[in-house]
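When the chains are written out, they are named A, B, C and D in that same order, and each has its own residue count from 1.
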């Protein structure tokens, strides 16, 4: 057990799986970097933010493949390779670039198995960075996991910490279905204790980062940390929260969410993605259908507004959900009394 | 006022707007057809299902442009043309093909205005067919409006009848923002009375196709008809329904939906799109947050299951929501009594 | 012509099977009993068969919406295909894919594809698998003249060259994408595109099995030897509309009649092999009869086969979920 | 060299402005006060300026993530640009776009673009507008060697040819896409790609304003005359990393020093025009001083300018909603 950053945890998961299984290969733009360069230095980048650094050196050019800038072809190639015997981990760099290759994800990889009557396996992992907070503006800051979650045939992982990232990525690589693995770019330097040995965290099993009696908070990815901070503050005022990290949006651990809401009767959902048709609406709808009787207050959603992500720091700060907004939402549902009771 | 099919209503809207404004142009694959053919026949197709038939003859090749099979380039071209003085109506054929051009919609057209500080106008309409029921299988039967609804900067229209289609399409063409206009392919031969003159139907104003006291049904596109049929049947058993056709999913007429639920206290949402992060969850979340006090029953969603669309007729019929499933959902919420009352 | 007798008979049988399969589908579609979209390969048989004659089950192909011919050429059985097209549970995809999604990965058939340009990226990946797993196999993407304008196709040409994988890109140029002529929609030409993406270009007459066979052999050999990808441009023609129901008003009235009369790959084949004394007319007649019976049986069986069961709807979305 | 004196001075001023703007950004970025990603155009000035010297405000250009140079060359003011890069309300995009999204449609500048290959499709459309509105204008897509492998770019070459619109595709080939060399990532070559998509190919030395100016003139004239699109391949080099912060370990140690010493387009320009007696050293010195002051003023103003207001967050998502 050593302190590792989110970046290191992901790198270690990749390395250990590549050591374990020769069919695991990496591909993407500058996942190594330096090919065709004049210095002769290999592994010049190891990914645009250094996440895959060192893997070329250990596994060589046959297993760490730099690609031209052509997402449709190499994400499709990853799908094709997955269907024919390899276990590719393809890096899309920014998830925003899915606009250049959605067909290969949505209509090819995700649908093979169903269209082909169960006769295909597509053990593909697509890693990508998501999220605002980097002043990367509208085309490099989206969350977009709702898009993937909407598509049957995909699994979608949104890890909330280095420990989670390592275990979930190893699980993703060993999984036989196409998995979208999303890394919040603001979290790469976050550190925590992470076991050195490989381990897996199963999909569809939520993690309760804390348990409380008054309000259930469901949060995704980076928002889990904000939710926990909000819960810390609220605790001091006697409002005790359960915080649920679903880990995967597809499959979603509906049972755990419903159990918790049945206990607390109050729910706040924190989702960094655009507010329409997102995970906050998805969880709210689930609960409004299946835990209706338990609900003692409106279901509150803390999300960005329905706008593209702005560039300027002041605006971006307003845009992303934060601890204050979560706190306020929890207070409002905690204080809520239905008319009959009032 | 003449009986017109859904197909004719759309054709007429296009024709009348092209007559009115020379900047309105059409483009897409085989929107005319016949270019480069050996018979010399022009307008050989008029769209894959004949929706744009006759427009080439009336407006010529400069305003009805056939394109190579390359959605990214021509949908992007439509966006670029819109930003520089034209008002293009681009046809994507099947909405499933958005996987080939999402970037130009999501990261370009939808974001220009915001990224550029309000200095762009992008009066672009993208028409596309959606929906199951044609045995067109997994890659030609999706609904996908949740994807577009999720993206800030887009408007999304899902017309439910010929009358609606004409008025909403004219509105879309005159609108200064990018609009996704989705046509259910199963409805092209549906007929109803449609005024001959041009008229517009504003976005964000829901249509109540019927009003009732017991249950509110919100339905989209083709599902509006199913909802009305279900309401007819239920009426006979003394269950009276309000049926809301929001017409546009973005903007969404939240006020009307909330008003109706405040009256009926019971809500069923019928959505032909895949169930996760879809419009059914979107509306459910809205109501669970903003009309919570009024709710007397769980919010029920009638949607397809979380699977790709199957090919075989028997399976496809099971897949798509139908009148029976809507009826059953309404009955269940109508019969529901919260524990306290019970 | 240095072609083994068994390759000749196998190839003829394959072409004949495709022809009869498609002609029969044309008839059956008109009855209204076949659901969905059906795109016929009739007239293009020599291409799929001439290419696949060089492949084994270890090699991979990816096909298009017009996929029946490639499937048959790669060895997928007509019973399972016919049942699939009829939407039956005994279909090769259990009735869940239909005409546009027939696949059989155990035979290296990575699927017909409803998305134009869907296949070439997949083939880059399959070729990468072959290279990485060192199984000596090649991967072949079939695609049309129309698909040659899709970004995914063009990117794939570049990617395959950069990675130097054993991929062959077969442009089946029938002169049309739906109702639009290639002379309108394809600017420039395939040959310069091949050069533009750094791979050798081969060209052949798709109405002539031997032209395809020979040229495809060279292209595939190039790839199989580890020299990187190659492009094979096949000139051919489709005999029916884009899909069943297309009135083909964009084609000259006698265009198809002429093709049938003068450019029938089966007639060409027979003339050549019999002329050269490689096979007897009777050899071919025997095949014709056998195929006729096989197709008849496939239709009869498909029509009688049980439909999918309700529970199938939810099956096989995931391996596990 | 038959170039009017005012074009020479304007072009030099434009190149000098880009250079100083970028060199200053490099310094300012290091202070930590500039948020987000910044990609510098330093070293490539002659390309944007040589091309835009042939354009008026009616003509349209689309740019890339490395967009500052194109913006300045097309006439966007440095005050508004600098303020934008600093995220200020007085920025040309009100602080909502930043370095990667600077645009000014009133000047025919359709935007920098954070998406590689984002611009070429837009330029097909702008060119279509020009053709349809018969305003005599052309539309120019700038894109990099890396972007020349994106499907959207490749499709656009074909589409522009098919539509025969007045578009020019300018490949700014600096030999790298991020940390990967074009010699690895670009299979084949741009010339054959131009032919493969049916358009003429022009090529020039991007370190030499006159080479660019002359060749771009031909390419643009071709398009403006209604002959359809053209490709202009500009060979050049970037002097900084892919983005600020890139240590450039993939480049030979002396690569940039050599470029600066031997291939500086500003030095080249001065040598040529002074040598040919077209301008005096003092003319250029005057420009240098003026630009220096202008950039200084822009930075000072940007640093002092007010930030966006909270209400701006929700503004300008739609024209109406």
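Following the convention adopted for this analysis, a contact is a pair of C-beta atoms (placed from the backbone, for glycine too) under 8 Å apart; a residue touches a chain by one contact, two chains touch by 3 or more.
These numbers were taken from a predicted model, which means no experiment stands behind them.
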Shared chain contacts [subunit A and subunit B, defined touch]: C, D
Contact clusters after notional removal of subunit B: one piece
Length of the line joining the C-alpha centres of subunit C and subunit D, rounded to whole Å: 45
Centre-to-centre distance between subunit C and subunit B (centres being mean Cα positions), rounded to whole Å: 36
Centre distance in Å when subunit A and subunit C are each reduced to the mean of their C-alpha atoms: 40
Residues of subunit B touching at least two other chains: 67-68, 70, 72-73, 96-97, 99-100, 103-104, 107, 114-115, 137-139, 152-153, 306-308, 310-311
Per-residue overlap in subunit C, given as positions that touch at least 2 other chains: 93, 95-97, 101, 113-115, 118, 149-152, 155, 158-159, 162, 184-187, 317
Interface residues, subunit C side, partner subunit A - complex: 60, 62, 91-97, 101, 103-106, 110-111, 113-115, 118, 120-126, 128-130, 132-133, 139, 151-152, 155-156, 158-159, 162-163, 315-321
Touch list for subunit A against partner subunit B, complex: 72, 96-107, 110-111, 114-115, 137-139, 146-147, 149-153, 249-250, 252, 273-274, 276-282, 284-290, 292-293, 295, 297-301, 306-308, 310-311, 338-340
Contact set on subunit A toward subunit C in their complex: 23, 25, 62-63, 65, 67-68, 70, 72-86, 88, 103-104, 107-108, 112-121, 152-153, 155, 175-177, 204, 251
Touching residues on subunit D, where the partner in the complex is subunit A: 35-37, 87-88, 93, 95-98, 100-101, 113-117, 146-147, 149-152, 176-187, 249-253, 255, 307-308, 310, 312-314, 317
Subunit C-facing residues of subunit D, complex: 149-152, 154-155, 157-159, 161-162, 184-199
